[in-house]
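What follows is chain A paired twice: with chain B in the first complex and chain C in the second.
Take a look at the complex of A and B:
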């Protein structure tokens, strides 16, 4: 009986997560606001990197791990910031919170949709880097970026939801999210560096395997964000 | 007009001041010169203790935030507000002193040395500066308290993670000296000077937090009074 009810709660939670994420993605597919702008942003960032660093065949691949993380972090700020700012502007976040759906489930749904948009952004960024900068993009690089995206999305959405409720949200989100993302940039940067230099990630000892360490961070920050989401969204 | 609380704060301030003077005497007159590092080593007493005081302050921010989120304790939030500012001051202190020490000892160059302790302290500083910004930009009252508590707690979780992820590279910062395996790796005179400085610095930090707490309490009182006056005004208009 109790077990059945618990299962029921879990199913209802996942249903809300799915519904909210689907709503966000559908709105994006129909409106096509964020993705085209983000695509332009990614390409422009690479063009600027190309001229600012004066890249050539040697320095392009060498600097690409750094450029990858810079573009990814700033694209993330835009994606997560928009996810909650749009809801706030139309007042629909309050409406969603009035429904019986729990705030944690709504938060998880929005974070999931934002993460999917960031993944779409990465799907453009990585090939574009291979074309513009000659970066060696391998499966290990893709996996590293995806693993980092999970943790960045949970923390980024948490602080975006928080910043959306303040006066200076565009200002506050980078100030809050960037220092909190530092561990992902440090470990992910190292992992991408290793992967791009052609070494195998699994050659390192287990305790310092970047993917294992980052997966640990993902779990930690998913737990932290889901615990804190209630307090951020609930009034 | 001095209220009893204020008088107690004055006494505490005098005590903290005296403690710092005694600590200065211990550092410069009592403790022996370090054979290898020379007089620069004397920074260690204040540097390490400032860092300890900063960690305790941020611990209070977390405790206050938890108290607010859990029990809606406004006092907890006020403690967090007071401790965040003081913690930021002590972090800055530890940071600057560390840099002064590192210059001759490591031949420190920030562009080349991303030490774990330096990075995590920098992140700690930025996180709690962000905490104070949230307080400034959020709607005053309960929303600000709620959002700030979340930032304070999540930021505190992030700091050991940053530390750990940098340590994955090699790190330069000296290992534990007082807490070293097999007892303190210090001559007894240095240890005594360190302990006295620790008491003095913690007393100073406690005094500063108490003063900030008092200021915040008076500020809250002022706001409550303003709200009460508005309510009274509205009521008298309504009854007419």
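Take a look at the complex of A and C:
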């Protein structure tokens, strides 16, 4: 009886997560507001990096991890900032919260959609880096970036939800998110460096493997975000 | 009859400014209350408190026999709210909007279809909301508020942008429900409500018209 009820609650939670994520992605695909802007940002950022650093076949791959993270962090700020701000302004966030769906499920759905948009951005960024900078893009690099996306999305969405409650949301989100992302970016940068150098990500001892440390951060950020979502979203 | 709304010493403040209260209010199940008052009188703030969209700074609020502070999620399954901002999704169709909210309520497509029919948007169900008029947005928001068949409806100027047909729809939606409605249209309030509360600077301010004023 109790197990069946728990299963019901879990199914209901997942239904809400899926519905919120699908709604956000559908609205974005139809509105085409964010994706074209992100694509333009990615290409311009790489062109600027190419000229600013005077990249060649040697320096390009060497600087790639740093450039990758710079673009990811700023694209993330745009994606996560938009996830809650637009809904807050239109009143639809409040309409969602005034249902029995629960803030944690709503938050998870929105974070999932934001993560999907960031993945779409990465799907352009990685091949573009290979073309513009000669970056060696391997499966290990893709896995590293995807692991990074999970942590960035959970914490970025939490701060975006918090910032959306204020008037100075565009200023507050980077102020809140960037300092917390720093350790994550340092480890992520190391992981991408290792992956791009062709070394095995599992060659180091388990506790010092950057990918494992990033996965630990992911779990920590996911737990913190899901626990805090209720207090951040529901007044 | 049980009280659908019971508020004691309800007060909301923004910084040093008291927006509403202290206010005592009691509304029996099935009663319809019109909240009247000028701009800045505190109507929207009061309605947000009654819809559980905001927590009062002070006072006690019981809705449908539940504590509005501690039992919000249970309450939200039983109340419908349309705020000042309608909160509809322009890029989705009318039907997709209602299906989405039906899912959040744990309901299905049939409930969304019934709601779109009820608010007179069945023929426009497949059209994107950005292609609909402001009055049709209002109808859609009303459909969202009633799709889970709530016992209590809290509506902030639901008549805004509605045509005469839309206004008569309000009477239909109110049938058998406890309603609190803010409006600037006292004629409409007389037509669809049976009690009234005139707010001035957040406090009850006497008899707005011949209806019985809520005792405070």
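In the analysis below, the second predicted complex is superposed on the first by the 235 of 235 C-alpha atoms of A that agree within 3 Å, B and C clash if a C-alpha of one lies under 4 Å from a C-alpha of the other, contacts with A are read in each partner's own complex, and residues count from 1 in each chain.
By our rule, contacts are C-beta pairs under 8 Å (C-beta built on N, C-alpha and C of every residue); 3 or more make two chains touch, one makes a residue touch a chain.
Given the structure is predicted, the values throughout are model-derived calculations rather than measurements.
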item	value
Touched partner set for A:183, first chain B, second chain C, both or neither	first
Partner chain(s) touched by A:43 [first = chain B, second = chain C, both, neither]	neither
Chain B versus chain C as contact partner of A:23, first or second or both or neither	second
First (chain B), second (chain C), both or neither touched by A:100	second
Touching partner for A:142 - first (chain B), second (chain C), both, neither	neither
Chain B versus chain C as contact partner of A:166, first or second or both or neither	first
Those residues of chain A which chain B touches in one complex and chain C touches in the other	235
Complex contact set, residues of chain A against chain B	155, 158-159, 162, 165-168, 171-172, 175-176, 178-180, 182-183, 186-187, 190, 208, 213, 217, 220, 224-225, 228, 231-232, 235
Chain A-facing residues of chain C, complex	51-55, 72-74, 76-77, 79, 81, 83-92, 96, 100-101, 103-106, 128, 141, 144, 148
Residue numbers on chain B that touch chain A, as the complex places them	69, 119, 123, 126-127, 129-130, 133-134, 137-139, 143, 146-147, 149-151, 153-155, 157-158, 161-162, 164-166, 168-169
Contact footprint of chain C on chain A as seen in their complex	12, 15-16, 19, 23, 26-28, 30-31, 89-102, 106, 234-235
